[in-house]
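Have a look at this one.
By letter and in written order, the chains are A, B, C, D, E and F; residue numbering begins at 1 in each of them.
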């Protein structure tokens, strides 16, 4: 039915490989179809100035693409000397989403930096990054417990994300690849917890508009998709998943 | 009931002053409570490189605040030498929203720059900017018709925006001022057309989450609020409003 | 006689509106003909590193234009990532001028930031900015006295500025509008105190030169013009003007 | 004998995985011990300004590290807004080395961009990058032949690189890992062709010096090491290796 | 009488060495007391975009200091990544001054870049730069005539500059060294032609003010000083000086 | 035999003028043929953050060219807002070389900044800079002893540098001028101590390669050349040279 043979309500083949590189406290390679993102969580024993002495921690994210993650090579942001608006928007979204499921007081005066680096892009990089970043962050927190640096898991809930869209035949599609995304009339990114609550929804009519009914259809389809992602995250996390009370 | 005496479903006092400055093709000062934004639309007779020779136009927005638009003075972005992520996110949103209600082919090979400069901030600056930017853009287009530079109105629909939120007593509030916004658990920005369709919805749980039911309540309240804004825009535009077929 | 019907020795219609925005300690909209500048004075309870522990304060200015303050839209300095030479020159001039009439020891360890933002430009923006900045700064200082934060008025004299020029018929003109300024052979900016002393004079032959006699004619005309501005400033300041011993 | 059990003259376990990502014309993951570098070659149908109309091509390299490729997280160069001196030095070296074995006239008016992104670092990232970049570049050129865009292989020789050093017991070591590199007195990077000629040698006494005899010992050991790398490159390239006349 | 034994109306020992470096079309080392500035004029066969096709040329200046030109080392502007306001102000002044004595149409479609690099600073660097830059520019123009690239000398008049000031005993001083400049109440930079006309005057009360009479005294003293500089310039230029009709 | 009449093994005329400018602790103008570099050593009573409290000092170098040091004018790095890769490479090399012959503990908690500014370039600027920087640094250290700020000379050995190359007739040349350098097949920069040890060697085949035998020939020739430079340095330093134990 869809270009790549998927059903309308079918996620792309998704895998989460843990311990992808050796240095980070949490390291994950998430693969969603042809989209591949390295998510590394680093723990730093200090907090940004605005939190100094507050007895609580911080979590923040950075997002980037390798220059040839895409069909056409992009100029490196370091060469241009500035970070694009799209990049900033995405890394702000990832950081905000993670902060919804972490108890910063339990983290203590530490910062977790989550680096999401896209090595191959085929649509849905920001939602893949959130789903992977959650696993990397949880691993980093589990290690803090393991090393007796904190007592309790600061992660309060599972968190995952996907995209949904409406194509030009008014069909509602789950988990858009790049080709579908660039042709869609409407594009909705959703971030949810495993309690079925929304953390973030961002719906955009791309030179088009959408009704309240269409929105509800998309939200329903996306909710089902995200529910499957939690299962994959739990498998990747193994025992660490049990530390989350959620 | 609310801090400033408003009902839960009541917009702040909103005014739209046209021809606020003399140079721009469209110039508006929009006042929403204590939030004041100058929205200037400038028409340039060229298009960005990626559109050269395509026979169609472009519309883009820039957003900024005076350093002392807020309670604490902020460092100028020109002094810092870079544009903040928040600024980029907002100007991308304004541009995207306007592109949903403009027929770029009817505009011809022209760029409309919409500058939204906040001179006083009290919450809701991005939605006020969209509501004002729509009026400034429509005025600039009407002037193109007036000067026989284009034949038909490129604006296809009215466009306005507001914010809705949920406070810590689970009440749904329309049009949050800064104080309410900084205490809200959930914050939803909505951009709609006068056909009742969504152009953009961005809902964020600020270290909190929200259910599908709560989302629906917010969307309903916001839809009512935006409907009142269309009336104000039509009054401000006068005869120019009739050029829009919508 | 002149394009806009003024006499050679006539200032443009000038108004000073106080409390233009609500957040700053001193806020003024100065209008000189079609030139409009928002001047906001912000008080910060700290000083730059080179003054730390000296028991005295600092005053500094920043100047900017809205992109469409002018007939052609200008690119934002924040987008370009750097501040133009003209901007730096003007903001250095404004700061230097204000420092000539303020007793920094009476200010205590505080910095006053004076933001001059041109919302509409028609020549003479830098001199209008100085005249308005003086009023905003005086208001901010009066408020410090009012709140018992300082004992004595740090402002020692009234300060105002205007421009004078020589046109291609060798006529000496007061307070040039943009059209006149761009055609003048010589352009002189003057900043004076109400004791009739100069704080700054900057005379430039624009691809032309001028004699000592011509300079004296210009200085005489400018002195008369500035004398009228002090009256407007006193009216705008009301009782606060009386705090200045000068 | 060495920390990781290697002989003094033994390379680390080295593998070259081709087609690591799908978009680039040539894509390689090279692994040298715990050092892992993605080398992507992109072909662009234009040349830099200084070569326009010369009928010949260009090859250039960029080098970067993921923030957590190392034991301590590094700040992204895009966030800092500038590229570090070390990065520039390395990417200039890689580009210069590749230009020694490519006939730019046979390439035609094309630029090959070689992006070397270190995803895990354990010493020797610049030499690993050169060895991998050569394979990615050869693959990209083979593809140009395959698609009949050029007639002849522009690559004239095989090219590989390694490091050699002298430790504090005056032992000469091949292929230093990070631990060894940071303790070595002397560090020598060598780039050679399969004809046994040097393309680049860079020897540095790290707060130490070295004699001509010691240099000769190092060069001999490095030459042997690089000879083994050519074999690995040929295996990775398969038939494409035969296109090189060398 | 003065710190360095000079009379109030005495210039510092001033020398102008031509052909200081070999590459520039005009190269001068000007020494004014302990202030030493290299002034190099470079001719480029193109004009800035705003002059393209106008059949006339342009002249522009850049100014910089070696980091240790001063008593305390300053950070390089290239390291800071931005040009200071003071630097911009000075290079704008130098360029503007030169444009007053050059007929840009006679120059043809060429740009003259005048680089003024201070290698040792002891006050008065901007006026020394103007005096030296005039000589370097004239030499570059003479060379254009010599090589038959232009027919007539574009330089219309001699141009030189000095500073004058008022010390805390109300004495008027010519040509201030650093020590005097930092203690002066008033500082006036003057640029004049050999017809005795002003090109630029910039008088600043440094946290002080000055009367019209004091201004006249300073202008008279400065005029005398500049008159001596023309003699030195003529000697340095030799026959080239005769090409100026003035 | 060579363009400028030199023998293959002959250095260019080289002079070292000390106390070239008055402010720096050590100031040198080194002239190597037509290459002229000002080397200024500045002592600062603090160390970079990574050395704070370690009881030892630091030495670092900066390198720049005047815009018209070369045949074609170059854009200033401060105007471009970034430092070129070539510049960074050279200043890293100079700093590294100097650190090989200085005992940072004897320097105490001080930083020596060595600024190498090329005022005229004709090839070999980086090696001339090292040779001159060594003299300036030694003078600055001698002054610290003289002022009783340190007890012992931190400089442990003499240090100088030159370049060697191979031309297209396979001749080995000492001390290449710009013309020779741009035509050479191979270019080798060497930095040595007066004990005949290498500190740094950097050999590059410029779109060419070189054999081990050719490398040895170049190293021999360069060693002879550098030996002559030590004599010049000792003469320039006078008694200060005796403070170095070597």
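FYI, a residue touches a chain if its C-beta (ideal position, glycine included) is under 8 Å from a C-beta of that chain, and two chains touch if they have at least 3 such contacts.
Being a predicted model, the structure only gives us computed values, none of them experimental.
In summary, no chain was found to touch both subunit B and subunit C. A centroid comparison over C-alpha atoms places B as the chain most distant from subunit F.
Rounded to a multiple of 5, the Cα-based rotation taking subunit D onto subunit F is 180 degrees. Set against the C-alpha centre of subunit A, every other chain centre is closer than that of E.
Between subunit A and subunit B, two chains of identical sequence, the interface residue sets overlap for the most part, with shared numbers making up over half of the total.
Spacing of subunit D relative to subunit E, judged by their CA centroids, is 51 angstrom. Distance between chain centres (mean CA atoms), subunit C to subunit E: 28 Å.
The distance from the centre of subunit A to the centre of subunit E, each centre being the mean of the chain's C-alpha atoms, comes to 60 Å. Touching of two or more other chains is recorded for residues 81-83 of subunit F. By the touch criterion the chains form one closed ring, and its order from subunit A via subunit B is A, B, C, E, F, D. Of all the residues in subunit D, the ones that touch subunit A in their complex are 21-24, 27, 34, 36, 38, 40, 42, 44, 62, 64, 66-71, 73, 76-83, 87, 113, 115, 117, 119-120.
Within the complex formed with subunit E, the subunit C residues making contact are 82-83, 85-86, 88-89, 91-92, 96, 99-100, 193, 195-205, 207-212, 215-216, 219, 223.
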